[in-house]
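Note that subunit A is present in both complexes that follow, paired respectively with subunit B and with subunit C.
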Partner chain A sequence: METTAVQKLENLLLVSVPQDMTDEDVILLRRQVLQKIRQHGSRWVLLDFALVDICDSFFGRFIYSMAEMVKLMGAKVIISGLQDAVVETLIDLGLTLPHIPAVLDLDDALALARSTDATSFGAMASIRENVVWDTPEAKLLANRSEV
Partner chain B sequence: MSYSDINTATIPIKSSVDVIIARRKAMNMAAEMGFPKPEATKIAVVVSELTRNIVIYTDGGSVVLTAYGGSNKQFEIVARDNGPGIKDVDRILSGGYSTSKGLGKGVSGSKNIMDIFEIHSIIGKGTTIKTSKKMR
Partner chain C sequence: MSNDESIKQLQQRIEQLEGKIANQAEMHEEFRQSKRRMELALESTNTGLWDWNIAENKIYFSPRYYTMLGHEPYEMPAVFDTWKNLLHPDDVEMALTAVTEYHTGQRPDYVVEFRMKTKSGAWRWILARGEIIERDDESNPIRMIGTHVDITVQKQAEAEQVRLQQEVIKAQQHAIQELSTPIIPMMDGIIVMPLIGSIDSLRAKDLMRTLLTGISDHRAKIVILDITGVTIVDTGIAAHLDKTIQAARLKGARTIVTGISDAVAETIIDLGIDWSNIETVRDLQTGLMVALNRLGIKLR
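Presenting the complex of A and B:
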């Protein structure tokens, strides 16, 4: 695991969640993310699950608690890359991740972070053409452009 | 059913590393006998939930994974420990119970995933959970 799992990219932390983490690894990774947010002043944490093929209830709670902790540091979590089989299993287990935005892949995660940044800085015009997904932010932009 | 149709593995469970070994083994065995990937994933997650309970609540135990071939293919998990036992089995199964780190959800969720789910628990002696999933 170590530091290669967490990389800084401008105001984002890119976390490539490793395949087989013990419960101790999971807690270490969460601490590492919180430290890096502080160190780099990150605004976004992109949790990429492309490598993960087994996601149980402990892991689900880890994602949720990480999102809550990250929020207290003024940043936000985006989840990306959940595999089909993982998604099916999470829902059958009865686990949902309310209030945490999830996207298909890293491209979408980056785009969502960028568009939300742009919205909060009032630079809507520059991204209007690029907004293609169905999010509250995108709808807000669409409505404003009609006014 | 002939003997060669049965593939079994016994894995001692003591630490969180054993949880990973056990669930990975279950995933491979289930995939090998022909369970589609989402089903093999669910079986692996159930093994993960049950073995983690052993690590968190007890001093250790074991899990026996059995792949039954032949005409009625199914995957069986038997998780055993010599821990304190479960006081209220019904409450655990309904998911409204969490004694240590919110694991009640893991057991009730596992029950939803599997076809048969039985808990035998004696206070002060230990718990055995036997569960299986048929291939459809």
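Presenting the complex of A and C:
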């Protein structure tokens, strides 16, 4: 699988999910994503499914596992580009993927990530002004917001 | 007896015989006319005749019976199997059952339609009618006669009519579908989908497709789903609407449901349908205001 599937853009990771992934491909892709999060300190993972025509039974599991792993590393998943046929299948299978923000395409995904960052960075900034950063937890927080 | 009396007797006898001959000639002529009449009737209506001697397994097929199927008269053996072997494979069982059931009294008469093979290998639709005209002492049928009429043209016309009807129905359904699920783009990022009428699972699927296409086409962030025109909301329909809303979300659009009548509100709660996660608003105007607010658009 090509390594260009995962690309860094500012504090985001853009993942173009390919069609027809094998179990191995899924594992490799996840590892790549997690590695890059650690490497770049990304806060967002944008999973774009514009290339995926058919939804198979592993779809839901792939998205959920990615979202959970990414969350443990302090980042959040946004899904975009789901095709109509794939959406219909997901709904038929009862996979509504709640708690995972979904947008129409990459443009909207970027916009969402940036607007959310703006608010949270604002919040982080005011905390920074009012907190004494000398406990280990505080230092961790300070590091995160500087990424 | 005197000579004169004998002669008189003989003369009377001759007169009697002449009378009888004349009578017979008349009867013969009548019979000939009757036979001719029947032949003309059969010919003009293109009817084949069959006369089945059941006991001896011999059948008489009239010339027309043969020519109807492109064969020469009397070309094939005059037996039951000749008929059976000419039947279309899909019709054999049905036709044989008809004969048996008529013989055993399960059917009141013998009237069947089946396909028979012509000499060139084509199929003609035949209407067969028949009647048992002789039975033995135990009431078993021993002679049956009947007719064959070629109804291929009628059958084709029937099929054509059915096909046309189907097309009309399909076209009407398509038109109804198009008319009843339009997408109205309101302004940037807001679309309205007014639902009218009843929603079955087929329509629900179609609805979802239309909505998803509409969201893509107009890059909608908010969908206002107006159900003023949906008179009945039961658990099934509520589930369909739920699925539609979930699908819209996966395409990045949020749904606001408007137009819930008091009757519908009552039904939903009474049926225990959970719409607590669905944003509902009284009417379209309010829905539009909420949508604009969400998108951060202020109207002066």
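Quick note on the criterion: the second predicted complex is superposed on the first by the 122 of 147 C-alpha atoms of A that agree within 3 Å, B and C clash if a C-alpha of one lies under 4 Å from a C-alpha of the other, contacts with A are read in each partner's own complex, and residues count from 1 in each chain.
Keep in mind that, in the parts below, a contact is a pair of C-beta atoms (placed from the backbone, for glycine too) under 8 Å apart; a residue touches a chain by one contact, two chains touch by 3 or more.
This is a predicted model, so every value here is computed, not measured.
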For this session: After lining both complexes up on subunit A, report clash or fit for subunit B versus subunit C.
Result: fit
For this session: Tell me which partner A:53 touches in the superposition: subunit B (first), subunit C (second), both or neither.
Result: first
Exercise. After lining up the shared chain so the two structures overlap, which partner does A:7 touch, if you call subunit B first and subunit C second: first, second, both or neither?
Worked result: neither
Exercise. In the superposed arrangement, does A:39 touch subunit B (first), subunit C (second), both or neither?
Worked result: neither
For this session: Please work out whether A:88 is in contact with subunit B alone, subunit C alone, both, or neither, and reply first, second, both or neither.
Result: both
Problem set entry | Contacts of A:96 with subunit B and subunit C, given as first, second, both or neither | second
For this session: May I ask you to decide whether A:22 touches subunit B, subunit C, both, or neither, giving the answer as first, second, both or neither?
Result: first
Exercise. So, does A:61 touch the first partner subunit B, the second partner subunit C, both, or neither?
Worked result: first
For this session: Look at the residues of subunit A and decide whether subunit B or subunit C touches more of them.
Result: B
Problem set entry | Overlay on chain A, subunit C to subunit B nearest C-alpha distance, Å | 9
Exercise. For subunit A, which residues belong to both interfaces, subunit B and subunit C?
Worked result: 84, 88
Problem set entry | Sites on subunit B touched by subunit A in the complex | 15-17, 19-20, 23-24, 27, 37-38, 40-42, 44-45, 48-49, 52, 55, 95, 101-103, 105-106, 108-110, 112-113
For this session: In the complex, go through subunit A and note every residue touching subunit C.
Result: 79-80, 82, 84, 87-88, 90-91, 96-97, 102-105, 108
For this session: Enumerate the contact residues on subunit C facing subunit A in the complex.
Result: 205, 208-209, 212-213, 215-216, 219, 243, 246-247, 249-253
Problem set entry | In the complex with subunit B, residue positions of subunit A that touch it | 20-24, 53-58, 61, 84-86, 88-89, 92-95
